[in-house]
Structure formats: C-alpha cells, structure tokens
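Here you go, one structure.
Which chain is which? They are A, B, C, D and E, in the order written, and residues in each are numbered from 1.
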Amino acid sequence: MTNEQKQTLMRERAAALMKDGAVSYVIGWRETRFPGKTAIFFVRDEKDADMLVWDEYTIPLTAKYLTENRWPDKKIGIFARGCDSKAINRLISDNQVERENLYIIGLPCEGKKDDRCLSCTQRDPLIYDELLWEPENATGTSETDLQRARFFRAEEVESLPTDARFAHWEDVYARCIRCYACRNVCPVCTCRECYVDMHRTGFQGKHHDAAENRVFGVTRAFHVGDRCIECGECERVCPMGLPILGQTQKIIKTIEGLAGTYEAGMDPEADSFLGKFDLDDKDTFM
Amino acid sequence: MTEHETLNELMEKADVRQYDCYQCGKCSGGCPMSDAMDFGPRGLMRCAQVGSLGRILNSDTIWLCTGCHACVERCPHDVNVPALIEEARYEAMRRGIKRHDSDVLNKTFVSSVRTFGRNHEMLLAGLYNVFAMKPIQDMASVPHMMKKKLINPLLKPIHGTSEVAELIERAERWDK
Amino acid sequence: MKRYAYFPGCASESTAKSTTLANEFVFGALGIDLIEIEDWNCCGATSAHTLSDTVGLALPARPLAQAEEEWPDLDIVTGCASCYARLKVTNHRVRTDKEARFIVEKVLGKPYEAKREVLNFLDILSGEDERKAVENALLRRFKNLKVACYYGCLNVRPAELTGVEDRENPQAMDELAALTGAEPVDWGFKSECCGAAHQNDAAFETRPLAARIIENARACGADIILTACPMCQLNLEMRQSEYIRKREDKLRGKPSFPLFSMVLPPDPNETIPVLSITELLAIAMGAGGRRLELDAHFVPVGNVISKAFRDENESEVFI
Amino acid sequence: MALSNKTGVFICHCGTNIAGALDVHKVVDASRALPGVAYAADYKYLCSEPGQQLILDAIKEHGLKRIVIASCSPRMHEITFRKMLKKSNINEYLLEIANIREQASWVHTDFDKATEKAIDLVRMAVAKVGKSEPLKAQAIPITKRALVIGGGIAGIQAALDIADAGHEVVLVERECSIGGRMVMLDKTFPTLDCSACISTPKMVDVSAHPNITLMTSSEVEEVQGYIGNFKVKVRKKATYVNHDICTGCGLCEEKCPFKVESDFDRGLSKRPAIYKLFPQAVPAKPVIDKDACVKLKTGKCGVCLKICPLNCIDYEDEDKTVELDIGAIVVATGYKPAKWQSMYNEYGAGRFEDVIDGLQFERLVNASGPTEGKIKRPSDGKEPETVVIVKCVGSRDPKKGHAYCSRACCMYAAKHAHQILEKLPGGRVFIFYIDIRTPGKGYEEFYDNTRKDGAVYVRGRISRIFREGDTLVCQGEDSLLGRQVRINADLVVLETAMEPAEGSADVLNMLGCAKNDDGWAQEAHPKLRPVETQVGGVFLAGVCQGPKDIPDTVAQASASAAKVIGLLNKDEMETSPMIAAVAADKCSGCGACEPICPYTAITLEKTPDREPGTGKKIERSVANVNAGLCQGCGACTVACRTGAIDLLGFRNTQILQEVDALWQ
Amino acid sequence: MAVDYEPKIIAFCCNWCTYTGADLAGLNRMKYPENVRVVRVPCSGRVNPQFILRAFRRGADGVMVCGCHPGDCHYSTGNYFTRRRFMLMRELLEFNGIDPRRFHARWISGSEAAKFRDTVTEVTQLIRSLGK
C-alpha cells in the first residue's frame, strides 16, 4: 500500500468517526508551510479530515497531545504508530489518561525520515482499537537488523575520556537556552507543575549558566529515565540542536546492565525500574 | 597446577559445588553399589570438601558407579555426583591410576566397536575374561547360549566399520 | 501408520533374541513402522563415555545424524535402556550445549541439530492411541499372573532427560501390563539399578544388586519380572542360579564356590522368570512360544505362562 | 513565610568534651554573623537544668522564634530539648541540633579545623531550621478492642493475656473448636506433661472470660483501616445448630448415620457428619459438616433433628457477616504439617499405610485417640516391633521441601521414641537424623535420656522406603559407619516440616503484612521487633511467624499480648508528625510514590476538583498519606518528580538549605 | 595541586545506621579527617539524587550517601530503592564527566564505627589526591 492510499484510509476513517459522533476530535498530522515538516492536527470537524497527511515526514508524536484534555466528555480519537502507542501506554500507567477515554487508530509504521526511526524496534502499535492496515512486522525489528545501535547517542559520549565528557556536556549546556521544549514534548513529562517552574527555592536554581543548565539536563534525564520510551522527541525539537538523547539512553543502558532487558511503555501494567526492587539487585557500594 | 586447583577445575567442569553438600547421606543410603564402594557418593563429596583429590582419584567408588542417578534424584541440594565421577575418571585415566578392571573392559569394548562397528557380547566377554584373568566368569551360561544361538560365533562387521574407526580416531584426537 | 527411526542396539543381534522377535511381532500387530537406521553402529554404552567424553558423544551421534539426514521428520526409538540413555544424552547435549554441538559436528564431519526426540518403547506404547491399539490387538488375557515391572534406572533417570514423572514408582509399564490382564504388583525395585553396566568388570560387586531385585519381586508376590531393556533382562536372568545358590550357601553357613554354584541348578521354586514387556504383549496378542523362541530364556517361562492362561475348566497348555 | 526567622544559637561546652577540642567562642561569634541569627550564647552544660533555663530565658528576652543547639548528637538530647521547648512558646519542631561532639570534638585532633567544622555544622543547622515549620503530633483515637486470628495455643494465650488486662478481645477460629494443634498432641516435651491436660483448661478459660467473644467456625474476610481503627469483617459460617439452645448432650452425634474421615484424628478414625471436633471441644456443641451431611446434600435423613430434645437443628442456617471495630490485631494462624506424600515419592508417596506422619503418631499414642493410646499400625492393627523415625521430612530440603529447619522435630522425634520404648516393651526404635538440634531448657537432657532408653540414633537421611512382603524396608546410610543400612520396620514415622497454615497467605495479604519466601509472616525486625509487623497495630504470635515449639509459641503470644495491651491502654496514640505529606495542588496522581511505601500508607484517592481553564467539575487522583501507617522514611519523596509529596521535618527545601549552607 | 588543599565532603547518612555508626565512632574517640559534613536523613531512601547534583553544583569536592546494609533497613525496604537510584546516578554522573571517585555510596551499620572512620579517611585522602 502506498502512503497516499494509507492517507486516504486515514482521512476516511477520521471523517467517519467525526460523522458518527463517536469522538470529540481525532489527533493526527497536517502539512505546514515548510516543506518536509508536518504538524500535529486536531480534526474537529468532518470536513477537516481531508487535511490529514501520512508521509515520510509525519514524525511528531501524537500521544503527548492527549494531555491537553484529560477529562474529555467524549472519547478522543488518536492516530498511533508503535512509538505513539508506547507513549500512550506510559500515559496510562502514569494515570494521565484513561484507556476508556481513547479511541486508538493503530497505524503500522514503515519508518519516517527521522533519526529515531533508524533504531526503532516497535513499528506496529501495541495498543489500539483498530488497525488501519496490515502490520509491518508483528514482532518488531530484531536487534541485529537495526540501522543504528539502540544507544548510539550514549555510546558516542561513553567513548570519550572523563575529562572530555565533562567538556562535551559543558559545551552542550553552555548552548542550552532552557526553553524547556524537550520537557514540553516529552510524553512522560506530565507533572501538573514542573519542578523547574516552581517559584520558591527548589531543586532548580534560576541562574542561566552552563552549570545550572547541566543540573537541569541531568535532573530531567533522571526524572524521565526509567520511563523513557526512547522516542527521541526531546532531541528532535531542541531549537539549539543539542544531542541530549544520550542522557536518557545512558540511564536505560545502565538499567539493562543492572537488571536485564528493559523497555518502558511496552506494558501499561509494568512497574518502572525505580518503582520496585529486587532483593538480589547488584551494587558496588560495599 | 596445584592439586587444589585441579580439584576445583574438575568440580567446575562437572558443574558441582562441593559445599552445596551437607553430608546428609541420602545419596549413599540409596546408592545400589554403596556396599561395595570404599567411600560412596557422600564420602566422595566429603573428600571433595576437604580437598583430597588423591583420595577421589584412587578410590574404587568412581569406578563402581553404575551411573543410575539415584543419588542426584534424591539429593536435597541437587548435587550431581555422577557428573563429578565422570570427570574424576578422566583425570584418573590421565594419571594412569588403575582400579578394578574397568579400563580393561572399556578398552576391549572400544576396540571391538572400532573393529566391527558394533559390540559383540561374546567376543567382549571372552576377551575380557582372558585379559582380566577371570577365565570361569559366566562360563556356565555359555552352553545354553550356544545351544539357543544367543551368541553368534561369526563376527560380522557393519559396512561403515572404517568410518566408525575414523570417527573414534578423530574423537580421541580431539580430546588431546 | 506411525513411523519411527529404529535403533536396535547391539544386544538385539545376540542375547536379546526373543525380545527382538517379540518387538517385531508387537509393532507389526500395532501397525507401527520401525525403520532401522541403516548401518547403525554401537552407541558405546557403557564404556565409550567412561574413556572419553568426545568418543561417548561421537558414537551415538553417527546413527542419530544419519537418521536426521534420512528421515528428518521421524523420532528415534530404541529398545535398550543403555542405548536410550546414550542417545538421549547426546541429543540433549547437542541441543543445549553449543560447544558440544560444535565438537560433535566437527568430529562427525556433518551437521547434526538434534531436531527430533529420542524415545524408548515405553514412551511410544503409552501414548493414548497406542494403548487403544494394544487393547484391540489382544487375543487372550492372562489370569492370576502377577508381574513385577522392572523399568531399570536409565529408562527413568535422569529426570530432566527422560521426563518420567514419578521416578520412584513409574507407571507406564504397569499400565501396559495391566491391559493384558496381568496384575502388576506394588514392589520396591522398579527403578533401582541392576548393575548391568558392571556385570563383567565388577561381577562380584554387582551381583547383589540383581539378587535384591529378584528377592523383592518374589517377596512381593510376583510370578514373573518384566523388563524394558535387554541389558537388565540378561543380567537378571542369566545369573539367577548363581545368586540363589550363593544365598542358599550363605543361609546354610557354607562357603560359596563360584563354579559350583554356577553349575548346579537352583531350586525351581526359587527362580523367577524374566520377560520383556514386549514379549508379554506379544504372547497376549497371540504369538506362540516357538515363534518368540521363548525357550531361549535362561529361566524357563513356559509353566508360569501356561498356568496363567489355564482356567479351572480349561486345560489349555501353552507351547 | 509569615514565621519570623529570629533564630537563637546555643553552643554547649559539654564540660571540656567540646570546649577542650574546639574554640567554642569562635563558634559563637561566627553563629552571630549568620543570616537570621538574632542571638548566640554558650554554656557549660546546656542539657542541665540551669542550661535549659538559660535557653528559655533567652527565648523570652530576645523574642526568639527558632532554636539551634550545638551540642552532642541529636540521638542523645533532641528529645530533652524538645520537651524543654514545650515550656516556651516555640513549637518543639522548630529546633535543630548541630552535632559538634560525637561528630566533631571527639573525633578530630586539629583544634582549628574542628572549630571550622563546628561552625559549618551550626551554619547547616541554622539554614535548615530557617525552613522548619511548626508540627503537631497527631492523635489517633484507639478502639479498645483486640482481634486474635487463630484459636490455637498462641491465639488462646494472647487472647487471655489481653482480656486479663481488661480489654475486649474477639477470638476468631475457623474450626468449630479452639485448641489448634496442641490439643491433638499426646504429651509435650521435655516435661512429658499431658498436652490436653494443660491446654483444655485454658480453652475453658477463654469461653468463660467475660472480656472474650469467641467466634468459632468463623473466618476473617476483610480488613480495612489502620492502627487503632481497623474495620474487620468476619464471616460466621453456618453451623446448622442453634448454639444458644444446644446443651451439647451429644445425642445427635451418636445417632448420625453418616461417618467421614476425621481430620482431627488425621484420617485414622471416622466421625459423624454432625460432630464436635473432639470431646473437650470449646464450645462443647456440635456443628454439621455440610459436605458430609446427607440431609443438606439430598434432603433425605433428618435424624438429628428428630432426635434433638431441644430442637436446635436448623438446616436453613446461613453464613453471616459480622463487622467489628478493632484497635489491634494478633495473627496466630499457626501451621500445617507438610504434605509429604506429594514431595517424597521415595517414601512411597502415601502408598504404604504404615508410613505415617508425626501428627498421626500423636493421635495413635494419645489416650483419647482412635486406638486409645495403644500404638497399633494402621494397616493391620498389629503392635509394631521395630519403628523407624525419619526426621527432616520436608525440612532442610530445598529441592523437594523447604530450606528451613522446622525446629521442633528433633525434640518431638525424641519424645516419640521415648513413648514407643515406654509403650512397646521389647520394641526397637531407629531415628534417622542429619543433625540433632536441642537448644532449649531441659532439651539436651531429654534427648540424652531417650538415647539411654535405647533409641538408636542413626546419622543419615533415609534414602527410600520400600515394601518387602510384610515389612517396610527403610534404606539409608549410617554415615558415621559409612555403611548402607536397611531396616525392616513395622511402622515408619515421618517427622514432617511445618508449613504456614492453609489460608495464612490470604490473612497476611488482607492485613498488608509481608511474608518471607517460605510464606511465614515477616516480623518488623528479626531481633528487636520480633512480634511486630510492618503494619502498625498488627502483631504476630506463634508459628505463623516461623516454626517454633510450644514454649516459644506461648512466650511470643504473651509478648504480642503485651504489645497490644500497651497500645490499647492509651485512649489515643500520638504519631510522629515527621511523616510524608502531599501538596494536593501539585500532585499529578501519577502514583510513582505508591509502590515505594513499605507500609502501604500511600493510596491514590479520587479528589473533586475543577479542570484548569474550563472550570469543569472533575475528579482527579491525588496521593493520600495515611498518617496512621506512615513511619516517615521519606523514600516516597524521591519518586515524586514534582516534589508534591514531601517529608515533614526533612523537607526537600530544608535539606537543600543544609547543602547550600556549606558553600555560602 | 596545593599541599594544604582541604576538600569539603558532604555525607548524607541515614539516622538508624550510618549516623549511629558515626556517633559510635565519636563515643569510641576514633579519629578521622575533619573534611566530612554529615547531613542527617531518616533513611538513605530519603536521599534524592538531586541533592547530590545540588552539592556538586555548589562546589562539593565529594559526596557520600550512606545507609544500612541491604536487608537491615529500619524501614525494611528503603535502602533497596537507594541501591537502584544510586547505581543509576553513579553511572549518570560518570557519563556527565564527573569523576566517579568523587561520589561514594556505602553501607555502614550502626555498629561499624571503624568502617565509618575508615571510609571517611579513605574518601578524604582519595579526593585530596584528585585535587580541586
């Protein structure tokens, strides 16, 4: 099936859902005035369904936009690929959305023109009410078939000596403008009030310098680390183009080293790594 | 390599941890050959615990084990004594330690297989009795067996005899 | 028709003559096709693996690989517990231990993946369909025949290889024997080792093992012992006079003379016939004593069997 | 914050303990310069009466609002100074102690550096106290009624002790009589007194005690609430006999035509379908076993109703649920003997009638048992000559049974041997053991006597038991001789492991108590809090916590009763105010804190709210901390990314202030 | 590296084990370097990794987190969470170019006064050798 055919299917389905009044709106993608860039689009009217697109640039994660309306009167329709479905699972296990409030239209994904798709192992949606077309590969891509290592960004930094690593991050965080786009786009950043926004003295100083930005970077990584679904949106939306994905990748890699295979968002029932323990956990604390 | 290291290597190959054993004796209590053995499986584990490799290798226990696995089956700690015995036998053979006649039997057996591809019970028993100097063992049964053609004096090799001989050759070379 | 690749084992050509005949009869009657692995060789039991692990793996691997190559869809079956153990161990090691598989394939010079299972006769005969087939094939039923089913150690252990549920009191053979009308007795030596592995090189030490088995079978009221392995069969049968004579001497407080005890026939009331399970099935399926060459047994079986078929009114005599 | 930061700093000399190792005056001077500090002083012994008065005076004189005391460890005098503050107008939690003795003057040799460190410690304390807030200990009301679950000797003892102290007790027992395992036993080691003779009077005491409500044939179904305030649902199962009228005359039991295997006699005898558990049962009134009664199953029979002179039989009886308000709970669910038949095929897996377990032997040897105390083997009623006793059946066997030692078997095996030798003159006893464990008063002596009586102890575990003709052959190794032995036994007694009682896992789960891997209830601390659980107000008595013998069980039962009495003696309980608290407006209800709490004190609760922006009425999940359960560890706070859940007294801001103070 | 460089090390100690152990070191008049400043927390599970970030941000030369040995937690499970959190944090700090020798997590019980002394001495010397 071509992308165009798929797009037609999506438009038809969204239109039908709106017509039936089954959902209050459907979250998908539309074109922007910039070629090669799409934006998240809420189909609020049957006739708007024709604005939906599906091509190699429909990259943004739809799931996070569910948090715009946590107490909907009607179900919310949402188009979800593998990555979106992991994010939806995460939102469900974080009690941010309720499954029964969602109508999930699963879209098996052929991979987009984005870096994150090179190490994607979950092209097919994990959770959905209907699949719009045949699954790509029911079992996902095997580790060996990946076009890029799962923890590529972390490994780039790991290869540096300690001092150079410090310098690397110093350079990164010196450029950080603390716009918090990385936080805003992240499907697991769902606090009512983010700790960085608290007006009284808290964990995050208000200075704007490399050192303080670094605290933000590491803290953010720690806050999302064991729940990170590895979608890479944070890095994609960074206006300064900072390679910040390595931080969370490093955490997941460490978890795997401690406790074996680990992937967040696969199961809405699963506990996250830091929410449980094992009596036999390894440590080097003496 | 010290004796202790050798012992540990044996244990590791056999995947047996000597300190798993708490000497309850359930193995020796159920071992069919226990009466004839000098140590029995429990005793063997004790030797391993105190680090006495020499006693293990020179014991007749390792040669009398029939490999019936009754000991492992009932062991509360799943100590695989037969696996240890197997490794101990190899080590004893490497060192040329001889107990009983099992090596006579085993070598006769393998050469019979090498020659004919299969094992000829009569030939094996006969040759063994000669080599082990037990001429009358089981001889009382021979007339009956001859009469009922239970044993065939004709030695008929299989087609792939040379193939089998080569196979054994290669396998033995691999060990070295 | 069910088909299996068949590994007869060396004893099938000599001492296990009547059992081999019975096997052919039973599987023929059940319509189970046993295809003999061509030009099979000795599995090496029980000497080869004692001398060398690699030789111990290589010998069984040859016929197994051959079977896999020729009949990739057939499970392998053997009638001897020793062969069963060696084939099963090799199969298991090749499956679970990468290094072992590498060595085996290297020495063998061809691929061997251990794709199929290794089974013994009890495994295949205790299947639901097979049991029904056995029942249908029976022509006569035994009466008042108490049997002690002797499984031998290697047919039931190690548990992780054989998958037998109750290793202390296995049931497969008892259930089969019960189909023929024979009464299996509850006795204590079903899976105790008979010492066949050392019957030559440690004769003096292993004799008591078999002697205890025979004693317990008799004490528990069995008329015959049933076996599922030619090694056990020979070991339990061939030297019965020797054990019993020795025991009698011991009871009388006399020193035992080996030659003497071997030559003199024991009291027939003290001996107990030993049959293989397939022989028992074959007889119940109508095979005659001559056809099965039952006279080849060291301990005569005729009387016991014919008594078991005789009713108060009838006077049918077997053989 | 409205509260003033006017902080007073007081430095203690502790004689020369502090003043001798660092420059106290320099610390005072430095303190004075710290932000927020309005007053600083030093004194020889601040903990002394005049020392405390000095602080109180300074508070008054200088209008101090927060206090920092630099002295010995807070583990030493924090409580002293808090009490002192109660005499002032300062909340006792607006106090910080800088530990300049144990962690400065005593451990350092360099005078200047120690002084510098002491100044830092004061600076940290001042910074922290600046963010402290007044806290008030919460008072939880306490329902003065205890629930004891399980009516074995542990439950009986606990119930009696609590009731004797004047508190109401509800004793819930699932069987139709209390008594548990102990009344099944014949004699108790090492004194050999008759088990029933010492336990039945206690049972009668229970039934007669004005403070004890006895609920037999009952099971706890649901537990909610927390220490002092549990709501417990108990299901009273139908007994089909009106116990208010029944006199326990026993006519119905005699005439009932249907008999089933008696559980009490461990299958060695039969009992009628309408039955008392045993003759001295408490309550001494029968119940109908609905699985055995033909009337209840088919509607035909009704003999008991016809025969009953008082018309107590009610075939229409139904289960009832009772709700109770409870202040404290004692778990005394006990044990069951391991089902060796499914573990040990080598011992015949139950095929041999004459292989019995220790509890069956107790019934055999018991004068009120099925054989009236004569040791007869079950198969043919013959008196055995040779008896083999096998220990550690199911115990000390990680593969087939349990890794743990069941603790009482060594002793009751010796008792069994003693009883056999006493009752069967000329009889022989062989006891197979791995190790002999007799740590207890008079225990080793008892074992010694049994050995001298002629019991043959064989060191080795029995490998298998098989039948040979009429006898059972026990085959094992005498590992001291190094020889295999085969003993022809007429009777074999397997001393089986103790396992947590049927259903004990459900009870523990209901209560929120932890279990170890073997299913035994987990005590709060193995040494220092052996009868408490992690759940406030829930205590453990007897074997439910781990295998033990009767003396230990009774001791533990009394210990848990003491804990309960201590709790119920109070009208209300003060809880530490230093517990977790949730800022509901910040909580996003993600639930990350919930699994962290070892006390299940955190629950997500639906809270009415309005949707931001639209003002729509909604309900959202907010974490809620149960002040009765929270112990104040603060592990939850780390899981909260937004900081909505925080630990009072150790707030994030307080600790951050301490950190910041070090590098100001 | 200046010879008289005195690092400042902050140690988060749980009230029931390590803090008690530190007090015991005092009672026994054991001697150790002055460089460590102890922050008392109820449980090592209370220690937020962000405290460690804050300390390094403010200029700490070294940070320690100490609590009861696994299995001995006063609150039964707190230190199991500590273990997971700080095994992760340690790696993350190293990843961010902070010398892992500047961050130490240790299990020190209430009776291990000597271990407290030795740990403090050892960590101080190590960090002193690393320089500023």
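Observations
Simple rule for what comes next: contacts are C-beta pairs under 8 Å (C-beta built on N, C-alpha and C of every residue); 3 or more make two chains touch, one makes a residue touch a chain.
Everything numeric in this text was worked out from a predicted model, so none of it was measured.
With contact taken as defined at the outset, chain B and chain E are each touched by D.
The minimal number of chain-to-chain contact steps leading from chain C to chain D is 1.
Closest chain to the protein centre (all Cα atoms averaged), using per-chain Cα means: D. In terms of C-beta pairs in contact, A-E outnumbers the other of B-D and A-E. Distance from chain B peaks, on a Cα-centroid basis, for A.
Distance between chain B and chain C, defined via averaged C-alpha coordinates, is recorded as 21 Å. The geometric centre of chain A is 62 Å away from that of chain B, both derived from CA atoms.
Computed centre separation for the pair chain C/chain E is 69 angstrom, with centres defined by C-alpha atoms. Residue positions 167 of chain C each touch two or more of the other chains. Residues of chain B in contact with at least two other chains: 35, 70, 73. Listed for chain D are residues 346, 464, 596, 639, 652, 656, each touching two or more other chains.
This structure has the following touching chain pairs: A-D, A-E, B-C, B-D, C-D, D-E. Partner chain B is touched in their complex by these residues of chain C: 10-11, 13-15, 17, 39-42, 44, 46-55, 57-59, 62, 85, 103, 106-109, 153-154, 157-159, 167, 191-193, 195-198, 200-206, 208-209, 238-239, 241-242, 258-259, 262-263, 293, 295-296, 298. For chain C in complex with chain D, the residues that touch the partner chain are 166-169, 186-189, 215-216, 219-220.
Those residues of chain E whose C-beta lies close enough to touch chain A in the complex are 48-50, 53-54, 57, 70-71, 77, 80-81, 83-99, 105-107. Interface residues of chain A, counted against chain E in their complex, comprise 154, 157-158, 162-170, 203, 205, 211-212, 214-215, 218-219, 221-222, 225-226, 246-247, 250-251, 254-255, 258, 273-274, 277-279, 281-286.
Interface of chain E with chain D (complex): residues 6, 8, 10, 15, 19-20, 22-23, 25-27, 29-34, 37-43, 45-49, 51, 54-55, 58-60, 74-78, 81-82, 85, 117.
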